[in-house]
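Next, two complexes with chain A in common: one pairs it with chain B, the other with chain C.
Right, the complex of A and B next:
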């Protein structure tokens, strides 16, 4: 197995578009690294560079500490599952699985053994004589995984492998991929734009935006301590609420959402001394939807704008009623347990757990 | 056939094509079959007689017609493979995403849009006898003077190859365009998958390009074969079938017989023979093609 390193990697396409900028990432041996980010942020590009399908513009790619920029894709021994699977349509499933083994010039007996082993592992033994077009989407997906796994690659790349499947199948195969990856211990880079997939699958997650790495860490770490507002809003469903805040020296309070909530500065300063630099500066505050509840202090009057009921819980969209003029009020969302009791247009009292308050500079970097 | 392929609506919709097919293909063919069983001669005082298979017996004993058959076969066996391989190579070259490619496409396709007769005339000039003929001059140049000038079109050994060369020059462009379209329909992802699976460029050609191009190639080979059997224009203009039947073809013999000698009956018999040969070859090709489905 292997470690993978991106060292100051840049990728500029011939048409001048910069897909990746100064990308640094170390994927540990046997780790499942999930690259996540919105469409067009350079996730696929990162995989294609590692696979050798596109050349790196600047920087270095290393596998097991050895520079591979110049080695051809055939020599890197990296397997990849494509979003549309890219199975060979004119070959049976057996031939598809056999193809990489034949390219490795393995003897016939070994090829047969590996195909049987892989097909058994993925539960596609009955499909071996079929052609790709005679398979369902989920079956194709498995065959694509099989073709990648059968050669025992050093690194396993997956580019949105579940995006063509329906919700249920996606959930099932997701957990299968997770357990398979743990069992085989293959270093894996998994690309997705779906934050749920990222949170559930990744040993670590790397969040990208416009070709730049935003943050990399364990899922819980990213969720609890996002490095910036982008990561904060990207992870979680719905993402973190971000709204304006202002700390007032005279009253020693932090005014949130136009003064709807006011909390004493003292405990915050004790928790994050660096906050002292930002007193009397505009700030951004962040609260996860689940941080809200009707009980704890500080409580503020909020106006209900809409409610989405999911049966066991509800998403309440509201605006805090502060001193700000109506036009500048920000809509926030709270996740409250239980069935819907509020009415739209009603105003209720809502508070939050101030231990869960995040603070960011005005340009979005986390404070503390 | 799926169920929706039947019913009155389907029949109605295909009626225009069917009527055309009947009127312009089947009817003339049946007429040719009928005529081939008579002794019809234009301007002959003899009464029209039903002669059965007499015309067929006669043409199959006619040395010129047998020559024509052999020439046609030689022509097909040479031109079809050479032209297909050339067209494939050119199409692969043009399929690279290089800068000036659009111009090359036009250049390679140009011979196709020239009228065959014009092409033939140009090549008659190229094959001009004597050391000043361009082809002779070229061969002399590349053989460092070892080549002695020949009169290609009046040389029993060289006349047919000369016509083959003309036809290949003229026909490759069309094949290339069709193959190019086939190449462009192959998804780039397949090549990427194959590359990652460890295939080199020759293996990608063998395991991805060729199988993906299979239907296109079958079509192209079939069409070229049929066109090759219909070889006429170049022969008519360049050699008139000579010297000593060295370049005569079935079509040329049929036209000669029907219009120069006014023997409509035997001309019709020849076209029927050609039709049967082409039909046989097409069936053979289809059978081979369907057996090769599992390209490994």
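Right, the complex of A and C next:
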């Protein structure tokens, strides 16, 4: 068990490209931290730096407050589960689990005890004499976790460990990982590009984009109070709708989506006094798909573009019919309960809960 | 109808091709089992491939006329050393080029690729001059040392290693294995196909080596089989049956090596992209 710190960490490649830039993060003892972001955002690089597979260009990596930049992977006592599991193909499951213990020069009796203990915990005892090619995807995943856990590491790293599994198995193993991590209390850093995995697994989530940390916090916190439009659109499926807004001093209203919706400015200013700085400035507004509803005010006429029916709910893609020319209208999506009742091309009235309205500066930073 | 005819026709063509390629070996084997006087007499007919009165007399003759075992041991020793040391050295070099990062790697690798196109015949004379200066003539060393490092073998190993998942090595490093241990315990056991391919290709090239041993050896004590068969050919009386028996015994080691590693060889060829 240990704390992990990234202090102003940079990773620069010889060609000058930067995978990680001024990365700061503190992972608490026993915490499950999920690094999430799109491909190429630097999340796997952050993991590889900590594992000691790549050297840090600038900054400091600390485990339990001690600098580990120069330590070998083994000395850091970190275990890692790779995306493709990286099981040694020529060794049986038992030998795979035993390999790190041999490297630690543990006596045979201790090696056997640990292998049996780990195999029992992960339910792979009956697979010990098989080779990796004789295992299913889920079994390989478990063995890879076993090889990592058998060392009793201080920090457990997982690099998209579920991405090679089918949806059903992924859901099952996801909950197994969560309960195992809680049971063992090992500090874990988990990398994924899947926001559902991030939301369900993480004690905290760190969202990355182009090598920079965008926001770090509890899943619900990030969902409810995103720091910028990137985090807002990345978390949630579908992500938050982002569209143009304009606060009009004369009418004392906030005009949304080309004037399709208009809400009084006063209550918003009371809630977010800083908004006063942005009056008469172009803004970005954000609404989660579930914030829409046919009933609450303000109501605007919208044109249905398409409807995805999911049985218990439906995703309605629509354009608000404001003063904006048709070519500039933004398509938004609403999550409405119940089966489909709308028709494509139909114009309906749709409102939203103004308490759920997010406002961002034109360059995407949250206001208030 | 057309399709029905094409398939048997294709098989017939393939069969004829196979016979064409096998016939010299068949001729060699049949000739080695025939009485010496029949070898040339029957060579123009189908009987050339059929030993009617087969015996091992020619093989016994070979052993009584020359010290075949001595030459065979010479060849096995020289080729065994080239093979063993070559596999170790070239595979390590291939791994270093494919996986380790070090200054000058790109330049040196390009040099290795350039060396591949230089034939031995082109450098035989300067090489002969060097080994003469070193006083290595008429030794085993002179027949082994120049052939251990091989650019083509390094290239084959490089091609194979570059295609192996990097995560295997990274997992081993995290588990606590250094570069050397990772190479011997993780990489090497997973690279059997390329080792088999390189072994067979090296053995094929070196087993029949004639020019270099002829240049650097003068005494019989360190000479390999290809020189021995040439000497045997000139040894009166000329007996074709004996010569054929000598040939069969010379082919056997390489044939058994190929049969032993055939499956791995094919996999290695597929993995490294070698084409014949």
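Criterion: the second predicted complex is superposed on the first by the 368 of 368 C-alpha atoms of A that agree within 3 Å, B and C clash if a C-alpha of one lies under 4 Å from a C-alpha of the other, contacts with A are read in each partner's own complex, and residues count from 1 in each chain.
Going forward, a contact is a pair of C-beta atoms (placed from the backbone, for glycine too) under 8 Å apart; a residue touches a chain by one contact, two chains touch by 3 or more.
Since the model is a prediction, treat every value here as computed from it, not as a measurement.
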When chain B and chain C are modelled together on chain A, clash or fit: clash
Touched partner set for A:320, first chain B, second chain C, both or neither: neither
First, second, both or neither for A:42, with chain B first and chain C second: neither
First, second, both or neither for A:260, with chain B first and chain C second: neither
Touched partner set for A:79, first chain B, second chain C, both or neither: both
Partner chain in contact with A:88 - chain B first, chain C second, else both or neither: both
Contacts on chain A seen with chain B and repeated with chain C across the two complexes: 51-53, 73-74, 78-80, 82, 84, 86, 88-90, 99-100, 103-104, 147, 151
List of chain A residues in touch with chain C within their complex: 51-53, 72-74, 78-80, 82-84, 86, 88-90, 99-100, 103-104, 147, 151
Residue ranges of chain C touching chain A (in the complex, touch as defined): 165, 167-168, 170-177, 181, 185-186, 189-190
List of chain A residues in touch with chain B within their complex: 51-53, 73-74, 78-80, 82, 84, 86-91, 95, 99-100, 103-104, 147, 151
Interfacial residue positions of chain B with respect to chain A in the complex: 187, 189-190, 192-200, 203, 207-208, 211-212, 214, 295-296
